[in-house]
Amino acid sequence: MNFLSEYIYYIGAFSLIFIGLFIVLAKKNLIKVIIGLSIVDTGINLFLITLGYIRGGTAPVFSKPGLKAENMVDPVPQALVLTAIVIGVAVLALALTLAIKLYKHYGTLNLRKIKEQKW
Amino acid sequence: MRKLISLILLVIIAGGIVLSLKEIPFGISKIKIGDYYIKKGIEETGATNIVTSVVVSYRGFDTLGEITILFTAAIGLSAVLGTYRKRKAGEKVEPPSFIVKTGCRFLFPILLLVGAYIFIHGHLTPGGGFQGGAIIASAFLLMYLGCEGKRINENTSIVVEVLGALTFIVLGIIGLTIGKDFLFNFLPKGEPNTLLSAGIIPVIYIAIGFKVGSELAGIIDHLIEKNQ
Amino acid sequence: MNLSIILAIAFGGALLTYFSGKISKKARDVLAVLISLVIAVILAFFYNTSSREIFYTGFLDFPLILRIDTFSWFFAFTIAVIGSFSIIFSLSYIRKKGNTDYYYTMMLLVIASMIGIILSGDLVSFYIFWEIMSWSTFLLISYNRGPAIAAGIKYIIMSVTGSVAMLVGIISLYSHYGTVIYTELSGLLYNASSGYTIFIFVLFFIALGIKNAIWPLHVWLPPAHSEAPSPFSAVLSGTLIKIGTYGIILLIYVIVKINVFLNLGEGIVSARYIIAVTGAITILIPTFIALLQDDAKRLLAWSTIAQAGYIILGIAYGTSESVASGMFHFFNHAIFKALLFMVVGAVEYRTNGVRDLNSLGGLIKKMPVTFVGGLIGICGLIGVPLTNGFVSKWLIYKTLIINNSPFLAFAALLGTWGTILYSYKLLHNMFLGQLPEKYEKLERAPFSMQLPIVILSLAIILFGILPGLPLKVINSIESGFGLEPLTINIWGITSDTGTINMLNLFVAVFLIGIMIWLIFKGSKKSAGIGQYDNYAAGTTVPKNKYHYSVDFYGPLHRMISPYLRDFIDDFYMSLARSIKNLGNGIRRIYTGDVGYYAIYIMLFLALLIFIQIKWKLW
Amino acid sequence: MVNPILLIVIPLGLAFVVPLFRFISKKIEKFIPFFALLANLIISLTLFPHVLEKPIHVSIGGFLPPLGINLVAGPLGILFAMLIALVGFLVSIYAFAYIKEKDQEKYHILYLLLLTGATGVVLTGDIFNLFVFFEILCISSYSLVAYFGDKPGIESAVKYLIQGAVGSSLVLIGIGLLYGQFGTLNMADIASNIHSVHSISVFIPLVLLITGFGVEAAIFPLNAWLPDAHSSAPSSISAILSGIAIEVGLYAIVRVVFTLFGASSILTFLLFLGVITLLIGELCAFNQENIKRMLAYSSIGQIGLIVFALSIGSLSGINGGLFQLVSHTLSKALLFLAAGYMIFRSGSMNISSFEGMGKKMPYTSFAFTIGAFSIVGLPPFIGFPGKFMILKAALFEQDILFTILVFLILLATIIEGAYFFRVVQTIYFKGEKSTPGQEREIAPLSVLIPVFIFVGLIVVIGIYPKLITEILESSASELLNRADYIKNILP
Amino acid sequence: MEIVILILVFLMIVSAIAALIFKDLMNAVIASCVVSLIAAVLFYFLQAPDVAMAEAAIGAALVTGIFVIAVKRTKRFEE
């Protein structure tokens, strides 16, 4: 049992990452691929946070005076994830606008048909 | 066929990463830098929310980069979407039902208030510039969906964005001009847990809050806007 | 008077002519001729002085050195003289054509870089000037558009291949011995393993062989020479080919040293023999292809390859006679090949662009001076006594026979036989025979063309009668290489196995000449007969149908042409086509579908991880 | 002396200010990148002498290295910063005439942000900060590729974005794994903990980082985005992309492999990868009709050559690789600018439409020819010393493998020569005979100045390579001995 | 306490696979919104309140909003 509780978060994070990557690799529709990218981002954020988690630790905020500094969770991955989330949003917004423009030009979002730029 | 190949590739990569994860112990305190931040965080930066002190003062340069990314995405988005065309009056949009209109008109100020509270108390309670800005942006999103006809004025949103970014940079440069390093916390730290503590951190987080709020609202505005 | 002044004048002059051309065409012509002459004159002062100087240290801790000794003086002086003559020749030739400043700049740039190659004292500066020469020649070959473009591309690709092979040779020498300067390098290869020497030798030989148009590497020469503007093809085949010869002599006698070269590959088959055989093949096949050509310049191009074969054959034996024969034949070939190209250029200039041997004829009355120049040039080419070709051919045969290789001697003889055939075809179809209608009012070649033709013909006769002059220089070169010089006097060569004395030959010919002249003058009865005043079985002679110089060697042509299709050229073309198809195939990797691109990324990652997990390579 | 942080703050501050000029006056917008990059160029030149002896180390926010983020302005960093500032400055002059339609403001902001991202990547000493600046570089190049909003532009931008996003996610996973093991984000701190790459848990982050940065650095299997992006982006942007963006991606890989991991065993793999990239790049470029696509494939080829040189691993190898990198940046930027203006005038991108351009636009085609000769590596130009140093470094290894690889490289150089000379011939010798009365359009000044400054640089450094060899030597040694990089930063 | 986390992670993976399978893009967008919501809750369990709020506010609200707008302006069904 403790194996599962030990690695549950890692399993969750990496399964999200690999499902997202599978969508990107295997799916035809551009919007579906962008959804895949957003799932990969969520997965990575989850993975980064679990790196800094300490079993039984408390949030790194000194809201109440009695909190001891020893068993606080590592604040650094949380700072990284904050940045990573906003980067994810920025990339997604740009991707979706490009998808809209691509739809205006091609009339379809099927990536197998959008092949003018090749060789 | 393609599904099979990508499946095999992903399995191999998963195998590699699982093997390398074995060396990383889970859940026990293995952190080096994190310890220092937690122990020394308060007296060095004065903010009780250690994550905010890491985000803004210890790794402030990352957040500066972060704002630039959002700014680039907003500019890139408007560049790609082409000219910004005001919605023509005659365009037929079926009016939202009465309940939705009054509900959103009621909720809009509350959401703004919540957003403002979050990024003003960024250094005390969890939350900060990014989260507050996002809430304000969702307030504007609600306003678009709810009450039709209301649009944010583009010029003001640009001015707010630019001012937000400039305050961050100017604070950094002031740190440089007084001989210390870029982004040095030159304001008095004050005693923890009070609103005016933690030197430049609240100022920066307020600026970030405004900037992220207006930027995300601008992005949504561009996306919703019907343009040829 | 150090050497870098020569280079400065040469390269500076090239740029100067371009800008002066912008001001006034006249000033540019004068400047171009002046610069080439000044270079020739300065070089003349350096006769049998030897000096060395480092002229540039800025290049990646390689000091670039210039040096001159009789060996490099001899080549440099010939190139400078032939170069200035061709510039004089091109004064009127180029005036009608388009962007002439570009032409003169490139011409001077080619001459400057050739002199740079000859004067360079270390392999790096040798390589730098070599590359400058290749790309400036490329720009000049494709000067008059149309088919010249394909010729230019073929030339530049082959010369880049050659120079790239040479670069590897130079750098691997540097990595083994830490130096690229000739003086320090020469002889070091003595104690190197024969495998390494052969490796270096092959690399250098590819580059120099391409430039020297040795048989398997000659493919670029016929199109390049026939499409280039005539004055430039005079420089191209007169001197540019000889850079390859200079390089081979430098490689054999200076860098690799004779004794190493002689017993190179002694066990299996000596390198000397291989080079001699390639030389012989280079004589035979191109000579008989030259026979089949209808275009005058293409015929001369193939004959250049053949004559280069003679030079290689001469040099291959490494004895003092063989070096003398090779060098002397280089000198003669430079003169009479430049002369022949100028003759063809003059004809082409006057008949504005006609080089087809089938449609020319009977120009002897219209352009007598050009005819005389052509006649003397051809006698030099064949090796008629009293011309310089005779002496050098004689030396080549002597070395072949003394070094007991009768087959090669026979091949050389066969080659000379073929040379006689195609040179007669050239002279007859152009000057003798019936004058076609449209060339009735053809006037003589302009003075600026006739001057170089006359001077070069005199030079052929002069060195034919007094071979001692060039031989004295060749002797001092040989003593520089460590071979014992030939015993020569002003009139000829005396050696235990055969002497030539041009004096009594000249006196005999002179006397017979006078007698014939007297007889001819004495008998009054001879009267000039018009071209159409002859019996044609009662019917009048048709004005332009009766012209037997068309398809001159018809039966011979039909007999040997199936065997002489240039299969080497087809081999290179099929190589180029296969690379092009390979490129077209590989292009298909980028299919345009993003799914594939993402799979490529994951494939790269999975490959690396799989290798590490499975074999722990890293 | 000047604080290197200004190299990032000045362009960033000005980029933020540009939108305000909408209210003041539209015309000033295009001069802002000009002044920002001029300032960058001057700062990096002044820092140049100080950096040679000891790299400048600046910590941000007043916290010493392992805690806060720090900038490391070593010889390598300053060399790249100078290169970015120089090429960016010249291309910003080019953009005065080139970018006319559409409101220019957005183009200039994105252009400035791209160069800020590049300078940031090159100077920072912290991996996450490197990732953030790398993201700025990528996002601004996605938007700039799609700037014209035409069909090929949008399609290439979408493909570039998807591959770039996958690459960045891999980089982020790699950084996460590194942080998980060593608990710190400062490069020097991580480097001091990593002693060998054999253990799988250190090897996986290395591979992830190489793949992630490799997408941007256009290594063989990962560079499928490059031909489309370069051929459909505006020409000044393709000049920046193939002049700066790829080289910065390569810098990231080199920094990861040499300084962070010290992974000398992976170099043999990169050696073969470089040669494969070179061969494929040149073979694909061989029968292209579109000029910009041909230049894009030749960029792939040159990157392969540089990767090969850098992964020889000896001091002279890295020295040659860096020299070739500088020569490729200058010559490729020149080629794109010249080709861009020719396309702008002749209307279409395929090479057959360039016939007789030698007559119509003598100066631009002359500059194009010099750029082509220098890329192929002919003597008086900058390409030749680069090729020479790479071959010297490869043949100094005295083993048969390197000789074979050298021959493959030279085969690729011959193919490269073939297609560049073909273009030069189409420009000068094809097309109808030049009628004397034909008008000669002289390119506007704002095109000629950058083009001829590039030509001047190419010829001067080609003839006198010692000009830049000493900074190359110190940056090569900075890369090679990892120990004093660490000693220099950590107290 | 462990069981709740187990169920949440399992739900998250199921909704990610659902996003993969749904043909109707609107459903796929909703599924990805569910994924980021559950992730926000998990962040709360991992003692990361800041990140939970950011993930909820940005990841769930804005990203889904943008996706819906994008799907509205292009084709709704995947072909």
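Just a few scattered comments:
Think of it as A, B, C, D and E in the order they're written, each chain with its own count starting at 1.
The rule is short, and it goes like this: a residue touches a chain if its C-beta (ideal position, glycine included) is under 8 Å from a C-beta of that chain, and two chains touch if they have at least 3 such contacts.
Note that the structure is predicted; figures quoted are calculated from it, not measured.
Under the touch definition stated at the top, subunit C and subunit E share these contacting partners: A, B.
Path length between subunit D and subunit E in the touching-chain graph (shortest route): 2. Chain centres computed from CA atoms place C at the largest separation from subunit B. Simply put, of A-B and B-C, more C-beta pairs touch at A-B.
Farthest chain from subunit A (centres taken as the mean of C-alpha atoms): C.
When chain centres are taken as C-alpha averages, the shortest distance to the whole-protein C-alpha average belongs to D.
Annotation: 10 Å between the Cα-based centres of subunit A and subunit E. Look at where the CA atoms of subunit B average out and do the same for subunit D: the two points lie 31 Å apart.
The centroid of the Cα atoms in subunit A and the matching centroid in subunit C are 70 Å apart. Mean C-alpha position of subunit A lies 29 Å from that of subunit D. Counting partner chains per residue, subunit B shows two or more touched chains at residues 2, 6, 9-10, 13, 16-17, 19, 21, 24, 31, 33-34, 37, 49, 51, 58-59, 62, 65-66, 69, 72-73, 76-77, 80, 126, 128, 130, 216, 219, 223.
Contact with two or more other chains is made by residues 128, 132, 135, 139, 142-143, 146, 149, 154, 157-159, 162, 166, 173, 180, 185, 200, 203-204, 207, 227-228, 284 of subunit D. The residues of subunit A that reach two or more other chains are 21-22, 24-28, 33, 50-53, 57, 59-61, 76, 78, 80, 82-83, 85-87, 89-91, 93-94, 96-101, 114, 116-119, listed in rising order. Listed by label, the pairs of touching chains are A-B, A-C, A-D, A-E, B-C, B-D, B-E, C-D. Residues of subunit C touching subunit D in their complex: 58-60, 98-99, 127-129, 131-132, 135, 138-139, 142-143, 145, 148-149, 152-153, 156-157, 160-161, 164-165, 167-168, 171-172, 174-175, 579-580, 582-584, 586-587, 589-590, 592, 594, 596-598, 600-601, 603-605, 608-609, 612-613, 616-618. Against subunit B, the residues of subunit A that register as touching in their complex are 6-7, 10, 14, 18, 21-22, 25-26, 50-55, 57, 59-63, 69-72, 74-76, 78-80, 82-83, 85-87, 89-91, 93-94, 96-98, 100-101. Interface residues of subunit B, counted against subunit D in their complex, comprise 16-17, 19-24, 30-34, 36-37, 44, 57-62, 64-66, 68-69, 71-73, 75-80, 82-83, 155, 158-159, 161-162, 165-166, 169, 172-173, 175-176, 180-185. Contact residues of subunit D toward subunit C in the complex are 158-159, 162-163, 166-167, 170, 197-198, 200, 203-204, 207-208, 210-211, 214-215, 221-222, 224-225, 227-228, 263, 265-266, 269, 280, 283-287, 373, 376, 378-380, 384-385, 388-389, 391-392, 395-396, 398, 403, 406-407, 410, 413-415, 417-418, 421-422, 425, 428-430, 433-434, 463-466, 469.
Every residue of subunit B that touches subunit A in the complex is listed here, in rising order: 2-3, 6-7, 9-10, 13-14, 17-18, 21, 24, 26-29, 31, 33-34, 37-39, 41-42, 48-51, 54-55, 58-59, 62-63, 65-66, 69-70, 72-73, 76-77, 80-81, 124-126, 128, 130, 192-193, 212, 216, 219, 222-223.
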